[in-house]
Amino acid sequence: MSYGLKIRDKGALDFLSLGALVHRLDPGIIPFRKATHCQIHVGGGEFNVAANLADCFGLDTGIATAMVNYPIGDLVTERVKAMGVKPFYKRFEHNGVTGPNIAAVYSDQGHGVRAPVVFYNRANEAGAQLKPGDFDWNAIFAGGVRWFHSGGIFAALSETTAELIIEGMQAAKAAGAVVSFDLNFREKLWKISGGQNRAVSVIARIVKNVDVLVGNEEDLQKGLGIPGPEVAAKSKLDPSAFFGMIDRVIEKHPQIKIVATTLREVHMTNRHNWGAVAWVNGKTHVAPTCELHVLDRVGGGDGFAAGFFYGC
Amino acid sequence: MSYGLKIRDKGALDFLSLGALVHRLDPGIIPFRKATHCQIHVGGGEFNVAANLADCFGLDTGIATAMVNYPIGDLVTERVKAMGVKPFYKRFEHNGVTGPNIAAVYSDQGHGVRAPVVFYNRANEAGAQLKPGDFDWNAIFAGGVRWFHSGGIFAALSETTAELIIEGMQAAKAAGAVVSFDLNFREKLWKISGGQNRAVSVIARIVKNVDVLVGNEEDLQKGLGIPGPEVAAKSKLDPSAFFGMIDRVIEKHPQIKIVATTLREVHMTNRHNWGAVAWVNGKTHVAPTCELHVLDRVGGGDGFAAGFFYGC
Amino acid sequence: MSYGLKIRDKGALDFLSLGALVHRLDPGIIPFRKATHCQIHVGGGEFNVAANLADCFGLDTGIATAMVNYPIGDLVTERVKAMGVKPFYKRFEHNGVTGPNIAAVYSDQGHGVRAPVVFYNRANEAGAQLKPGDFDWNAIFAGGVRWFHSGGIFAALSETTAELIIEGMQAAKAAGAVVSFDLNFREKLWKISGGQNRAVSVIARIVKNVDVLVGNEEDLQKGLGIPGPEVAAKSKLDPSAFFGMIDRVIEKHPQIKIVATTLREVHMTNRHNWGAVAWVNGKTHVAPTCELHVLDRVGGGDGFAAGFFYGC
Amino acid sequence: MSYGLKIRDKGALDFLSLGALVHRLDPGIIPFRKATHCQIHVGGGEFNVAANLADCFGLDTGIATAMVNYPIGDLVTERVKAMGVKPFYKRFEHNGVTGPNIAAVYSDQGHGVRAPVVFYNRANEAGAQLKPGDFDWNAIFAGGVRWFHSGGIFAALSETTAELIIEGMQAAKAAGAVVSFDLNFREKLWKISGGQNRAVSVIARIVKNVDVLVGNEEDLQKGLGIPGPEVAAKSKLDPSAFFGMIDRVIEKHPQIKIVATTLREVHMTNRHNWGAVAWVNGKTHVAPTCELHVLDRVGGGDGFAAGFFYGC
Amino acid sequence: MSYGLKIRDKGALDFLSLGALVHRLDPGIIPFRKATHCQIHVGGGEFNVAANLADCFGLDTGIATAMVNYPIGDLVTERVKAMGVKPFYKRFEHNGVTGPNIAAVYSDQGHGVRAPVVFYNRANEAGAQLKPGDFDWNAIFAGGVRWFHSGGIFAALSETTAELIIEGMQAAKAAGAVVSFDLNFREKLWKISGGQNRAVSVIARIVKNVDVLVGNEEDLQKGLGIPGPEVAAKSKLDPSAFFGMIDRVIEKHPQIKIVATTLREVHMTNRHNWGAVAWVNGKTHVAPTCELHVLDRVGGGDGFAAGFFYGC
Amino acid sequence: MSYGLKIRDKGALDFLSLGALVHRLDPGIIPFRKATHCQIHVGGGEFNVAANLADCFGLDTGIATAMVNYPIGDLVTERVKAMGVKPFYKRFEHNGVTGPNIAAVYSDQGHGVRAPVVFYNRANEAGAQLKPGDFDWNAIFAGGVRWFHSGGIFAALSETTAELIIEGMQAAKAAGAVVSFDLNFREKLWKISGGQNRAVSVIARIVKNVDVLVGNEEDLQKGLGIPGPEVAAKSKLDPSAFFGMIDRVIEKHPQIKIVATTLREVHMTNRHNWGAVAWVNGKTHVAPTCELHVLDRVGGGDGFAAGFFYGC
């Protein structure tokens, strides 16, 4: 790992994520309106990066998150263990009726010309109640943590989660960890926690602490409030729009060393072309385009982030 | 139909229920903590009675309930149509994130010595927001409704649902319908809407409007605040405890014509003995005991209520 | 709705189909010769249009059809209810052994270079016994019906079904409904009910009553007996052959306002290019071509008809 | 093998059945009215005996039956091969629409207090068209056949099947084979082929050729026209009623050496007690009762016949 | 924990098992000869105890075992993580063709009167190659281990596994851990590694190091070479035969504090009565009998051992 | 059949393969490391050709192979019967623990950019123990066999299997059968039975007896030790490299009449372009390229061989 980043050589953890875990209900190619059964997956934008780094790349990773004492919590706990991610849980008791809950993400896989549909039941979500002070960062960072990560989904859950991210990033910095953030801008989520104006102001405060930023053109526009390019790109795989916005990002946040994102052209729900681009310490990089047969696109960006971080 | 009840000969609807619809996630014999997939059922204690009367007995039935405009709402809508129940929906818009939601009931089927487990995510449930004035009872009862039903689960959802039940029962009475109520006392639910003291006082106000009451010994104790028998019954199938409490019920609510319940002895999760008892206008009736191979016990009481009402 | 059609503004039903319901046994991508299980779907070329208009577009639709009192009839009945289509059933009793039956359609989904295979068990099909006089058209049309539809599959089932279609169309006309017919020419079916000569003569008598005709080049040739173009089209997506035959259609049946069809190029069983063309009151229209990832092509033409009618 | 029977020592086939093959659609514990998918099994009362003797007991067995050239025929053909039964097929061509068909048996598995339900689509069944002269018995029996079997289901399919059974039995006798017949009396089937009077007269002509007869008390009453016992047996497992009727059977058909049947007491769909009884050359035998956990009762009697014949 | 055992108060691990992991192929109620698919489970007699103690009882447990670098090894690794058991792996490379392998256990679930069938492919099993010196016991016991366990299945795999068990037990004793051993006598396994004479002599050397012994009457006879009772017990649930043999066990191995086992009466594959008995420091204990609805009996004894140890 | 081959007009068998049968465990698109269940298929490179010729083309085919008396052997036996292939089994007894085994092939289907993975458990495989003298070739060829086939997978299993192939081919020649061999070079297999040098020398001795050789460019290089082309082909579908090597093949083995292979370009795991080429008695043939939607590529080459032989 290099590229302008100063990554510790060793640590009890190679990577620590802060975010909320969810259970996803997935009826496959059947839309929910016609579904009679579904698979139950466990994920979370921030967790997925830690899980991929542990399960695919063999790193020692951890997740700081909320856990609820009820059977869905147990289900989630098992998946976290199975992926080999070390948990740091702030625990909540479930009242059997209204929570606090592990949030449910309802998401099918789409088919052909029908795109996947995603909606949530995040009412009374335990993760949204996480707040500064909930984790003992000193203890967590004591053995050494090489990289700290969080993202825009967790930031949007409530007023306190954004503050917790900042607290965590500052502790991480103090402990010598690289800090990354995936903008993952979700308009629906920010709408329930203050709207876009608050989003831009909160994200700006977060990004001040960040070395590595992940986000596409739209994330940069909506999350950082940076105006988009004047001329539309000819293709979704054309990196010029993305690179054209980087100067403004660095101007605002000069401590950032790396900005990266995927570029995706969706032919059909199950057939995409993917590219990836990165701005690294002033140099631009473009990955060759790859044709993908997509089984399920959910979490694809998190997979990119994991692979990208691993290569840093 | 007779037994002291004056049931209208004809009506556009034979039966109308008021209650909340839910989607149930059911991993079968696997407990949730180890589940990787589940079936999605649609139900609701009050709806189930209407659905059984339509689907099994061919009656014209309806349901007054909350409906949310999102894919889970569409899923529920299709099941209501498939069961042949006429819907009267008060509609809500989903914000994509926190609701209002169609509540989720998580419930496995248990196995052998392991009983089924039931817990909810009823946070920000649309049904709990239903309140007096939400339905145009005049229009609903205009064509004639022969029987009106609600139950203790819906009553416990919020302060407004109990008031809506009373409003609906009074409209039903005025329109000449028989009125029934299934106590279905759920301690967990009442705990979140005022506790047992409020439960007893609210249920008392509801039961004042009731001709036919469904509830077992425990329901009568906790829901009506009637003390239990001094001596424990020898067997769960022994009706004496139940009958011993009826005098107190009738003393409090002399307009009641019928009180009925099932008696169940659970040998294993999948093997029960069931009986049923009824007090009808002063006479007691005991059904022969039946050995059941139980696939899934959820909704068993609602099935009893449907069959019992059909025979009235 | 316009385009030369005079569509009633209101009606108890927006759309009424006349046809036979079937249960389809579908082993998915496994051909029947190797199948060990299958899904059971409910459909019917004429019903599918009514079901799509109700389920996808929210119209009030109905189906006039045969229903048999046995468990497969109950299965079909539930699906009709779930799709929200109002049934008008002529009822038959099943003798437990030979029928009359709800017909079975055996149809897999094919895979890659292997096309789907369709064959029937329509022996002693209840639908084929439907005949003039079986439905009380006065009662059915009393509340107003805006559009009446039937098709070539039902017409081919027996001598009486074609006569029933004509009876229904005349009643529809008299009641002010637009009348449509999907030629859906199936050589196998006509072979068992009189052969192609009878087909042409019967269909001609039906089409005399039609405002909107659905059918591709082959349907027009075989169903209407109109000679095909002298030069083969370069591509299956080239509309010139279809348009070249319209003059002859209108010459024969000058009351027709609209003729429409899909154009399909099948690359593999699961990858098609689809276009669509229409002749509307003398003008020709060509839809842009769309690449489809096809899960199951059965009923695709019925889906087109539903969407096309909805746009009229 | 002995017990009064003269069984050939050797033969190209140990056992040959004559009957119709069916494909069974089985939705498991879900009744058809609520089913969305089903398993496809291959069977037939007469075939099942040959299949069990080959697959479980390793005998060389054959089946003389109708086969139809279409995918369901191919499916059935593979199962016959997989069971190791040598086929003698009279072949029919399918017209794609109405047959002749391999019959469909619709049969769920029931559950608890709900018994399995069986109904057919035997319209235009190829098997019913089998008639004397369809098989070259000389060729079939040329290599030696030790035992010939048929049954009451095949006998009831049409006028010609019963005659074919008699022809086959006479050829078998002439070739030195033991002849058995399972009465398997199905009232629904006989109703469509002449009613019970014809049944008794036809079965009498068949049974004249039989050495080993399988049938319970009801089969003997309805199939052979022998009056039942005057006093009802105390239990379904009490063999006295069965034995009480044997004298009348032997009186009518003195050439019979063996009569056997199962005795079954059904506690629940999935829990039976089974016994078995046999009258062998004047002596009576009673098997110990066995408690069975029944997965699927269909074909249970055929399994008994196979095991019983094997022990002869 | 007490009962004559001196269990350490604390330790990095509450429990450590030594044994081989397997992947089990399970076709459910279908026997393998008719199976077309199966589930893949991960287990192992010794591992199961550690897994239950971690997953059900929340203890910190570990497993010392062989691991192979190939996809089945990865599959097994994930399950070990998911159960929360800390692995100590001696690693082997797979040659892609013949191993060394993670052994396969083929085992269906049986049904009714058909018992489950178990057979193995343990050819070139990695676990059988484990030998003294493969684990660094000093490092493993450094943090404190409260209880060490192994069993008769692992002991029977090869000459070296038994020696490894003795080495491990001696290291455990030296480190202050309680030592247990489950005889789990499998005749088939011992036959391939020296026969019963070797079994008795090897097991005797193992049991010299044991505080807690698990094994039923047959295990004691065949594994320890102790003669059975002269009079057969009236019932499989009668503990007298088991208790009658304990004196001889203690005579041979006076250091043993506890001997325990289950007593099982199998009515049908899916319905058992279970009891349990224990001799604890000279006193006998008999658990009440419990009727079980058994889904899958494999590993039932390991579940007992886990619960029993937890209660010590 | 012609093309320089002298194929007998008639024979009891059209085709006889010699090879090992395997059971394949197939988790579908899920890789084994994440699999929880799998399908069980039966196959074998040499058997597959015989199975396709029987099942798809209706020929009379046979397989000479090892069979093991245990449930997996029974499972395999049923599939051989179902495919209509006549078995000639050399039988082995299974010891319940280590074999001899029917080998297991673990093989998923891959997805998108992830290729299928194949690995084996062939430890103590019964097939590898087959040796000259195990089959009574005189008896097998007595009724006439038109074509004899074996392949490189079986040749690589052990020292004795290659010798058995030679013995079989010589017997086939003597009996007038055409002899074919599919090189199917698998480096992993040869590594465990003597390495590539032994492979080349053994295969040379086998190919001396061959009329029809199947193998691609890589097979010819590695299996026959013929150097590859100096210039890499532009495309995997370009036949020039393959044809460029044929002279050297014929020089070494002038009795060969036909050499054929598929050419495959893999775009994604599920989308291939396939061509095929053949050198027939001095003339070259190239089949048109075909775009395939591949469900499962395992055995694709065997399918080609079957179709190609059928056309000879």
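A, B, C, D, E and F are the chain letters, set down in written order, and residue numbers restart from 1 in every chain.
By definition in this document, a contact is a pair of C-beta atoms (placed from the backbone, for glycine too) under 8 Å apart; a residue touches a chain by one contact, two chains touch by 3 or more.
These numbers come from a predicted model, not from an experiment.
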Chain F reached from chain B - shortest hop count over touching chains: 2
Compute the shortest path length in steps from chain C to chain E over the network of touching chains. 2
Winner on C-beta contact pairs when A-B is weighed against B-E: A-B
Relative to chain E, largest Cα-centroid distance belongs to chain C
Under the over-half criterion for shared residue numbers, do copies chain D and chain E use the same patch or different patches to meet? different
Quick one: chain B and chain D, Cα centre-to-centre, how many Å? 49
Per the C-alpha centroid definition, the whole-Å distance linking chain D and chain F comes out as 43
Could you list which residues of chain A touch at least two other chains? 36, 78
Chain pairs that touch, by label, are A-B, A-C, A-E, A-F, B-C, B-D, B-E, C-D, C-F, D-E, D-F, E-F
Residues of chain D that touch chain E when the two form their complex: 290-295
Applying the document's contact rule, which stretches of chain A touch chain E when the two form their complex? 78-79, 81-84
Where on chain A is chain B touching in the complex? 25, 27, 31-40, 70-72, 74-75, 78, 94-99, 101, 104, 106, 117, 119-124, 188-189, 191-192
Residues of chain D touching chain B in their complex? 29, 111-113, 267-271
